[in-house]
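Have a look at these structures, which come just after this line.
One chain, subunit A, appears in both complexes that follow, with subunit B as partner in the first and subunit C in the second.
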Partner chain A sequence: MIRNDLKRAILEALKLEDWQLEETTQAAEVPGWDSLSHVNVILAVEKKFGVRFRNIEVLKLKNVGDLQLLLESKLKAATAGN
Partner chain B sequence: MANYLIQARDTVWKRWQQNADAHPDRDAVVHWLAGEEPFRWTFGKLLRVATEMAERVKASGVQKGDVCAIILRHNKALYPLYVAISSIGGIPAILAYPNPRLHPDKFRQGLEGMSQRSGLDWIFTERALEPTIQPLVSGENSTIKGLFFPLESEDTPAAQCGSGQSQGGEQVLSTAGDPFLLQHSSGTTGLQKPVLLSHRAVLEHVHRYASAIQLRETDRIVSWLPLYHDMGLIAAFHLPLICGIATVQIDPFEWVMAPSILLEAVSREKGTISWLPNFALNMMADKIAEEELSGIDLRSWRMIINCSEPVRYESHCRCVERFRPYGLDPAALSSCYAMAETTFAVTQTPPQTTPTHMVVDRTELSRGRVLPCMDGKPARICVSSGTPITGCTVRIVDDNQREVEDGVVGEFAISSVSMFDGYRNYPEKTAEVVRDGWYYSGDYGFRSNGEYYIIGRKKDIIIVAGNNIYPEDVEDAVSKVGEVIPGRVVAFGEENADLGSEQVAVVAETEVTDDVRQRLLRLAIVKAGMAIDVTIGNVYLVPPRWLIKSSAGKPSRKANKERILADRASLEARTL
Partner chain C sequence: MFFDSLNYMLFVPLLWLVYQFVPDGWRWAVLLTASVAFYLVLNAPLLLLALAVVILSTYFLGLRLAQVDDDRARVRYLWIGIAVNIAVLFLIKYLRRLVEWRIPDAHSDAFWSHLFVTLGVSYYTLQAISYLVDLYLGTAEPETHLGHLALYLAFFPKLLQGPIERAGDLLPQLRAPYRCSYDNVRSGLLLFAWGLFKKAAVANRLAIYVGSVYRDVHAFGGVSLLLATYMYAIQILADFSGYTDMALGVARMFNIRLTQNFNAPYMATSVADFWRRWHISFSRWILDYIFKPLQIQWRSAGTFGVAAALMITFLFSGLWHGAAWTFAIWGALHGTYLAASVFLKPWRDRVWASVGLEKHPLRRVIQVVVTFNLVAFAWIFFRANSTADAWYVATHVFAGMPAYVMAVIAHAPEITHLKYLWDPILMEKGLRSFVLVIIAVTLMLAGGVVQRRVRIRHQPLWLRWTMYYGLLLCLFYLSIYDDMGFVYFQF
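Showing the complex of A and B:
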C-alpha cells in the first residue's frame, strides 16, 4: 500500500486530483507522468520529505513501490543519524 | 581538420575507414551508462567489429539498397551494427523505441504506415518487440522481409560486440551519390516523412558545418540526443565519426530522469560541444540539485548549441547564471537552425559569440513587422539563429513566395548543397514543399542585419521538448473519447515558460456541464493522449458550437487558440 503523504506529493506534482497508486503502478500508467515530468515528481517528493535521492537511485526505480522503499530507507537513515 | 573535397567515389564508409587507419586507438564512441564505467569504441575496434557483423548481415540476405530499420534502446552494439549495415550498402534508418505508454497497436500501425511509405526491408530490434512487429512481417503486401535480434548472440547478425579481430569482409562498392541513410522528420507516428540522404549530402554537410563551428581535432562531442532525431544523428553522431573525433553517447531516458548526467559526462570526458533543444537548458538550470554538481568542471565546454525549437533568451540567461560558478563560459551558448531536409544545419551563430537578441513589439510582430518595443508595450525577445552556413542560401518569403525585406516576417525558404532528394515514395508531399530547388520550410521568422530569427511555424505543428507533434493525431484520439463531440476538437501548442518549450493543449466541445463529469472527461482526454504517447498539458471543455470554424468548415486551430487564451486571460484578470 502506498502511504498517503507520498501519494499526495506525487499527485500534486502531476496536478492530478486523484489517481489510484499501487506498489506496482508504473509512471506510464499515470496521466501526465511522462519522462519530462518525472524529474518534477522526484523533486516534489524530495522537498516534501526533506530527503535527497542520488541519480543512480532514481534511475533504478521501476514503480511507485520502489520509490516508497527508497523514500523509507532515506527517512530511516535520517532518523538513525539524529 | 582534414581536407573534405568530395570525390565521386567518396563515401562515409571511406571516411570511417580512413579514421580507423589513421587513429585506430582514438575514441570514436564513448557509450555512457549512469553509474558504470563507459564502454569505449575506438575507431579501430568499431570498424573491425562492424566488418565482422557485416558478414553476418550480408549472409542473412540484406542487400545493397535495402532499408534496415534499427529499433533498439541505448546499447553499445548499435554503433557497429549501424556501420555494418552501411558497409554492405544497406540503408540504416534508426527509429524510436516505443515508449511504454504507447499502445502496441498504435506503434504497429505507425510502423506499418512507415514501412509502406519508406519501404522498410528489414528490422533490427529487441526480442521484446517481436510479438508487436512480427504480424507486419507476415502480413499481406508487407515490404518487411525479416526481423533480426542483434543483441542475442545466437541470432544474425549478433555476436554482440564481437572479438574485433576480423580483418576480412568485403565492403560493397558505393559512390558518393548512392543513398546512405534514411531519417524521418520527427513527429508522431504515421505522419513522419522519410528523408533519404546520399553519402555526398552527408559529407557535404558535415564538411561545411564543421567549418561553421570551427571543429577541431581536440573536440569531443557529448550528447544525450536520440539517434532517430536529425540533431542526434547528424550533429552528434555522423559529424564526429566522419571528422575523426569522439562522441560521448548518453541514454536519452537516463538524461531526462537525471539531467545532471550530461554535466558529469562533460566534466569527466572534457566534452567541448553539445547540441540541445531549448527545454534542456531549463531542465538543467532548474531541476538539478546543488549536491549533484559537486566536483563538476565545465571549463572545457566551448559550445552549447541550442537547436530544434525556438531559442528562448531567458533559457540562455538561466543556464549561464546557474553554471557559471562551475566554469561555464557564457560565450559557449550558441544557436542553430536546422532540419532533416537539408541534412541538418542551415544557420549557425559563430563560436565564442553570444547570439544577438532583439526586444521587439509583440503586437507588431504578430502583424508581421519587426519593430523595437517602446513604452512598456508587450515585448518578445527574439534570439538570432545566426547566418547561413556555406552551401546554404536562405530567403524570407511572403505567401506568394516573393522575398521580403529585412524586418518583415515571412517563411524560411532554403536552398542547400546538402538538400534531400525528396521524401521517399512521397512525390506529392515533396511537391508541396520543394519548388525550383527551394525548400519551403513552414518556419516563420525574419532577417535583420544578415542574421536570421525564427519565431514560429506556419504549419500547426506543436514542438514539445524538440519533438514535433501533429495536432491531427491528438484531435483524432480525443474525438474518440465518449462525451466529446466527434470532430469538434482542436489541439495546439501553448507556451510553458517553466519547461522552456510548448505543451499540448486541447479544446473539446461537450454537452457535459456538471463539475464531476467534466473532471472525469478531462482525465479521459489526457488518457487518450497517453495512448498515442502524447502528454496533454491542458484540457479546455467548451459547450457545443463554441469552436470557430475555418472557411473549409473545420474548427480553426489558430482562431480557437486565440479565443480560448483570450477567455482564460480575461477570467484570470477577473479573478485577480
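Showing the complex of A and C:
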C-alpha cells in the first residue's frame, strides 16, 4: 500500500488528478511519467518530505514501492538524528 | 561475410542444421564457435583479441561485483570495467589515426589494414558496460557461465551492428532449452528476406543517387540537394532497419528474440518520440547510462539541468558514431531539439489550442511532417563528407527553387517535357532506374504497414505463399548487390 502523501506528491508532479499506484507500479505504467518528468517526481518528493536522496539510490529505484521504502528509510534516519 | 553475401546465406543454414543435433548443454558452444568463426573471417586479428579482453574482463569483474558487499570495492570494480571497455573502444577506433601519425600511408599496407578494422567493437563494448552497470545497480544477475557470457557479448547476428542487448533480455534465452519451432524458422526466414529487400532493393538503389550528390555537393543545386537529403533519410532507415531485420530473423531461427531496434521512426510526432523509435537499443543505452545519471546529478538546476543532460547525452551519441565535427554537430542538433522541447513544453498545448488544433487530427500530421524535416536536416551533417559540405547543403537546399517551380509549371502541359519534373540527378541515371527506386520505396512502405497490421501466420495458405513468392520476386528483380556494406558498420 502506497502512503497517501507520497501518492499525492507523485500525482501533483505529474499533473494527474488520480491514478492507482501500487508498490509494483513502474514509471512507464503511469501517464506522463517518462524519463524527462522522472526528475520532477524525485524533486517533488524530496521537497515535500524535506529529504535528499543520493544519486545512486535514485538510479536503483525500480518501482513506486522502492521509492516508498527509500523515503521511509530517510525519514527514519532523520527522526533518529533528531 | 556480410549478411547480404552468399557465404552468409550458406553459413546460416549449415549452422542451423548442426544446431538441431547438438544436446542443449552444448548449444552455447556451437553458437559461440560460429560467432568466433564469423568474426575470424573478417581477417582482423586485433578485433578478436579485443573481443577476448572484453569478454574476460567483463566476466571476472562481473563476478567480483556480485561477490563483494563493500560499496567502495563495488564502485572500484565497476569503474575498472568501464575503463577497460572504453580503452578497448578507443584503441580499436583510433588505432588508424595513431599509426598514421607516424606512418602516413599505413592504410595501404596489407599488414596494417587488417589491424584497422573496427567492426562490432562499438556495440559489444557498450553491451559489456551495460551488463556491469546493471549488476552494480542490482537490476541484473551475474552470469557465472563464461560460455554464456561470451555468447551474450559475441552472438554473431548482433555482433557487428547490434541490437545492444540487455543481460536480462538475452542471457535467459541463451540458457533456455531449444525445441525446433517451425513458426520461428518460417517467420525468421521471412524477416531475413524482408531485411535483405530493404537493404538490397531500397538502400542500395537510393545510395546511388545520394552518393552521386554527396560526393560533390558543390556541383548540384537546390532541388538535387533537397531530394538527395530526403533520399538519404529513407536510405539510412532501409539500410539500418534492413540489417536489424536480418539479424532478428537469423536469431529467431535459433529461438532467440533480439530487441526490436525500429518502430516506424518517421511517424514520430516529436524528436523525443523519434528517439523512442529509432535505434531503440542504443537510445535506451544512452538514456539509462548517460542521461539519467546526469539528470539526477543536476536535478537542482531544474529545466536547465535536464537540458544540459540532454546536450551532453546527444553529443556523446554523435561522437560515438565517429570523431568528426559532422557527427558532433549531428548530435548537438538533436540535443538542441530536445533541450528546446523541454523549455517549450509548457507553451506547446497553449499554442495548439490558440490555433484551434489542440485535439484536431491535423495536429498529428503537422507534428510528423515537422519532426521528419528536423531529423532529415540533421542527417545532412551525418551524411556529408565534411562540415563545409554539410554547411553548403544546409544553406543551398532551397537555392534555385523558384526557377525550378516556374519551369515545371511552364512545361506542365507538354507531355514531352515531363523530364522537367524530374531533377537532373534523377534523369542522369535514367527514368527506368528512378521508377525502380519509386517502386522499391513504395513496396517498403506498404510492407511496413502489412508488418504492423497483419498477422501473416493467420492468413490463408494461398495468401501467405503468394506473399513469400512476391517477396522473392522483388528480391530477384529489384535488388542490387555490390560491396557497399552497411552504413552502420563504420561505427
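As a convention for this text, the second predicted complex is superposed on the first by the 82 of 82 C-alpha atoms of A that agree within 3 Å, B and C clash if a C-alpha of one lies under 4 Å from a C-alpha of the other, contacts with A are read in each partner's own complex, and residues count from 1 in each chain.
By our rule, contacts are C-beta pairs under 8 Å (C-beta built on N, C-alpha and C of every residue); 3 or more make two chains touch, one makes a residue touch a chain.
If you're wondering where the values come from, they're calculated on a predicted model, not measured in any experiment.
In the superposition on chain A, A:Lys76 makes contact with neither subunit B nor subunit C.
Of the two partner chains, subunit C is the only one that A:Lys62 touches; subunit B does not reach it. In the superposition on chain A, A:Pro31 makes contact with subunit B only, not with subunit C.
By the document's definition of touching, both partners, subunit B and subunit C, reach A:Val39. Legend: residue contacts after superposition of the two complexes on their common chain; A:Glu17 is shown touching subunit B, with no touch to subunit C. Between subunit B and subunit C, it is B that contacts the larger number of residues in subunit A.
Residues 35-36, 38-39, 42-43, 55-56, 58-59 of subunit A touch subunit B in one complex and subunit C in the other. By the touch rule above, subunit C contacts subunit A in their complex via residues 137-139, 272, 287, 291-293, 295-297, 299, 302, 305-306, 342.
Within the complex, the subunit A residues that touch subunit C are 35-36, 38-39, 42-43, 55-56, 58-60, 62.
Listing the residues of subunit A that touch subunit B in their complex gives 17, 26, 28-29, 31-32, 34-40, 42-43, 46, 52, 55-56, 58-59.
Residue ranges of subunit B in contact with subunit A, taken from their complex: 34-35, 99-101, 253-254, 256-261, 279, 283, 287, 289, 291-292, 464-465, 499, 519, 523, 526-527, 530, 535, 537.
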